[in-house]
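Each of the next two complexes has chain A plus one other chain: chain B in the first, chain C in the second.
And then the complex of A and B:
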């Protein structure tokens, strides 16, 4: 079976309210051009395209079809879509290369969260019989998880604030970040609760954005990229849809995906943790030691474009390898309430 | 813009029993192969994947295992005043259910507190037959008679979402043009095709369109249908013609009405012109054009628009 490497990545700036449409076209065109130029590829070289986005977020039907305008799909292309974060589109594209149906594949994700009410839109991803009819919002559900960990002694509100401090400080050097600042944990803890025990700094900001990743087979990767990020493990798992049937202080699906993908022994990890306590939880579930650099980009607490943020974690982790800053890197994506579903992609450099 | 839909779902054997019991003010759970009781019930055992052998009554009182405070309730949530979300382990159950607790203030909430359901006045066999939970320290309600209930097989959940759509720069120019009685499109810098209204990007080449092009109010019908079916909100009495109109100089048609002649006379290649409403009725909308009408000029040849269908 062929091996596959990430050879290109681009991400749009994350904005609180972009001026484009919910089709994502305006965000996608510049980053498609950027990633194709960087790899020296033309659109005809891409054997398979796969996108991740949501009609509920876009507020219109078949929004991913409108997004295809950004590609310029003539002559006709091979294309697919997942109603999930682009990280899962990347997984489908990876399988496409492994099966020999494509040499080069491109995955993209986009979301204009600012068009609707994100906290309510996300209620519709819940069990439609027992949970969604109550409209529990994403922040309130994460707050239930945060309190369980606090009361179990797994983390404190101060630990959580320190995650936000590190995120915003790291994001100072990330030109695409939405939130970046030099702040102190004590100042953050003086702020009122947004959803007790969560404060605003514990929650990823709402933002619009898009991301794109190109992968290639072993035969093509080295010609497209000086230092490809070779994928050594790519796994995803899911936990129960019933919040009350899960132990929310851990994420068996993250731990399982991490074990299967070989999450140990990485130099750096980009974790998709939309809430501060979830970064602490994921570090533990993935077995990341104190020597692992976590979220050098600032993570999604510095900008969380829905349906693109998970894919961007993998792209950013691959960039750590392509720039020579890391030998082994991990990209993680999550979906669903309170870290219900988790995906782990482990990549390494080769001489 | 508000989008709404009433989702109507069949319940299946397990949830049908659960919802029927709720309508009778009882709460059921399912016992798993490992002996643990799940409430709400699972439909398939998480260990053996078998349907539950039996449903058992749990609660109605329970214990809060975690909670968060909703200081500003959102549309559709169980209570309009500040409340707590909580996971509640009902007496006799090993798992917890999510619901609201009407506690008044966060100071009244704590993990481990005892709560009981507050039932809706008119049960429907729906999770919202439980209005919310309330602390057991609140004055006890009067003895509530459980209403008789037929088996519940379906549930309906209304969903309403609001969106604010943004017009792209190209669409903005098009809409402002309409408000000034002009038809504006954009040309692709790669292939030269003209799109009206602008799509922002050429769907053939994937490059942004920027050059503005003004088009006349004349064109041809490339294809059309005769609408015979009445529907809610219809503004023209059937039968009438909805057509794809290719403006002179444009490369893709856009949809509009063709009126002013018998629907039977409309044909592919027919020359038409825009009929604008009185200027004082104009806004930033394609409705400024009342309709297109035949000009009486000779039809365009099929070859002249074959690539624009």
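And then the complex of A and C:
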């Protein structure tokens, strides 16, 4: 089987309300330059491009079409797009390398969450006949999940606050983070509820951003990167959309993807957990022990650019390897209400 | 050929109509999926992964509807990908599903594409005013009409060519039980006397707005041989290709876009085809407005620049001609936008499987499926054949 490694990553600063348009071009051009310069590649060297974004987030049809302007796609390029987080674009690009049709592939994701009212926009992901007309928003659905976990004894509000404390503290050393601070759990717990039992610190902030990852096959990876992050498992699964039919205290799709990808034996994991209790849930579902460093970047609680955040988790996990901080790393992405869809990418260093 | 061999094991589509108010979005998709499974003699449990394609989510007012469709498509517990590459998305859906098999990831993959246009109004969903770019104004027809006028001026094509395409495709559609528009009695005169919508495109030269879905099951060599052993033909995927260029830039050729030409060149090279007009037996080409038949014949390399209309005028694109184009009736007869590309790919497969019924092209062994989207900037194509190589 073709061996593939992550060889480059760049991410825009995450901003509460960026100046750019919903096309993503203003966020993408600088990070394309950055990642191409770091790998010494020109755009013509990219054999396959794949992007992830959402028309609903942009509030217009075909929003990704204009993002192509960030590439300068002439001569024409081999390209595709998923209406998903960029992590799934990376998956499609990885598959393309496995077919032998490309040696080097680039995936990017972008989202301008500030363009609309995010929690109401995401309500439109629900069953359009039976659930969406009731407008249960994404924060309220996550609150239901958090409440069920508390009642099942899986976590407490204090456990959740401690996740936020660690996230904010870790983000102090992340120049692209949106939220970073030295805070105490007891102080956070004094704050009012946003959606009982979730407080503001339990919810990822709304932010605009973009991310890009470059992968290469074995023949090219070593010349492009000193310490490539070799992909040893890349899997994704989806669960039922029927909230009432799911046990919301678990995420079988995350567990299944994690098992298939070999999630158990990693040094570090970047988890896409937009709510504090979801980090606890995912640690369990992925079988990550207490010795695994989780979200050294601060995770998406420190900045959650929709449709780029999952891809950025994989890029950040790969960076743990390229900088020598980890031998095996895991990047995770999620999509849909209450962790409905999950993706796991496990990477390792090789001498 | 890229990676491991892959083949179409089964094909299904809905009856395409203006309004399929008898089914939900899930029901519409499931109608196509169940037919594809029956066609291949398989069950949902035989499917390892699902790829969903559709055009903009605003067409139905559901954000990422594949999330809600996971149960109906039997995708729970499995990998599910959602592709969106504008109007070419149906083709891209087929190609991505094929790549999952070619990469050795899965044994059998279900590709589903749909549009339920009656849930909203596609023309006005497209007529938006994005910042810093030219608005499309009155939907796709208003956008493409100037390109057609440029083609006519450039090629010197007689003005009735578009109407000839419409007559052919609508009559072909009358041979296809699933087609939305079935007009066996249409004539050149009736097309040419229909109302002018976007000069030179008349009402009868325009695709309809349809509710519809298409499903294709793609399998690896072992799965294909198992299907064949059960007495069912398969369509081997000889090559796939996709290309993209920006919507607008200095030097953009809207009549003969380079992305389409490059895509076709890559496709023919991968399929080992040196003379498409001689080696392709039937082509399902994305023709939403009649004049795009001669335009794409040139872009694809079936005819030289400015010569495509001659094939149309000589009747060579009719069933029985040198290169039958859109024997199913094509997009001019059924246009569930997100599914239209996969329908082209599926109809090409049906032809080489010998299962196209009344619109079967005799002896079809090698066929093209083609789709395009955006401002003539996204292209996806495949070549399927009766034998693996």
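We take it that the second predicted complex is superposed on the first by the 351 of 351 C-alpha atoms of A that agree within 3 Å, B and C clash if a C-alpha of one lies under 4 Å from a C-alpha of the other, contacts with A are read in each partner's own complex, and residues count from 1 in each chain.
Methods note: a residue touches a chain if its C-beta (ideal position, glycine included) is under 8 Å from a C-beta of that chain, and two chains touch if they have at least 3 such contacts.
Since the model is a prediction, treat every value here as computed from it, not as a measurement.
Participant: Thinking of the overlay built on chain A, is A:143 touched by chain B (first), by chain C (second), by both, or by neither?
Facilitator: A:143: touches chain B, not chain C.
Participant: In the overlaid three-chain picture, which partner chain does A:119 touch, first (chain B) or second (chain C), both, or neither?
Facilitator: first
Participant: Kindly classify A:98 by the partners it touches after superposition: chain B alone (first), chain C alone (second), both, or neither?
Facilitator: Only chain C is touched by A:98; chain B is not.
Participant: Touching A:20, do we find chain B (first), chain C (second), both, or neither?
Facilitator: In the superposition, A:20 touches chain B alone.
Participant: Using the superposition on chain A described above, determine whether A:190 touches chain B (first), chain C (second), both, or neither.
Facilitator: In the superposed model, A:190 contacts neither chain B nor chain C.
Participant: Taking the superposition on A as described, I'd like to know which of chain B and chain C A:73 touches: first, second, both or neither.
Facilitator: both
Participant: Look at A:223 in the shared chain and tell me whether it touches chain B only, chain C only, both, or neither; answer first, second, both or neither.
Facilitator: neither
Participant: Contact-wise, after the overlay, does A:132 reach chain B, chain C, both or neither (first, second, both, neither)?
Facilitator: both
Participant: With the two structures laid over each other on chain A, which partner does A:341 touch: chain B (first), chain C (second), both, or neither?
Facilitator: second
Participant: Kindly list the residues of chain A that each of chain B and chain C touches, one partner per complex.
Facilitator: Chain A residues touching both partners: 21, 56, 60, 68-69, 72-74, 121, 124, 128-129, 132, 240, 242.
Participant: Within the complex, which stretch of chain A touches chain C?
Facilitator: Its residues touching chain C are 1, 21, 23, 49, 54-56, 60-62, 64-66, 68-69, 72-84, 88, 91-92, 95-96, 98-101, 121-122, 124-129, 132, 235-242, 252-253, 256, 335-337, 340-341.
Participant: List the residues on chain C that touch chain A in their complex, please.
Facilitator: The touching residues are 2-3, 24-25, 55-71, 75-86, 92, 95-96, 99-100, 102-105, 125-126, 128, 130-133, 241-247, 249, 251, 258-259, 262-263, 266, 374-375, 377-378.
Participant: Could you list, by residue number, the parts of chain B that touch chain A in their complex?
Facilitator: Touch list, chain B to chain A: 1, 3, 7, 9, 11, 15, 38, 40, 42, 46, 65-71, 74-78, 85-89, 95-100, 106, 111, 126-128, 155, 157, 159, 161-169, 171, 199-208.
Participant: Could you please specify the touching residues of chain A with respect to chain B in the complex?
Facilitator: It comes out as residues 18-22, 25-26, 29, 32-33, 43, 56, 59-60, 68-74, 112, 114-117, 119-121, 123-124, 128-137, 140-141, 143-148, 151, 193, 195-198, 240, 242-245, 248.
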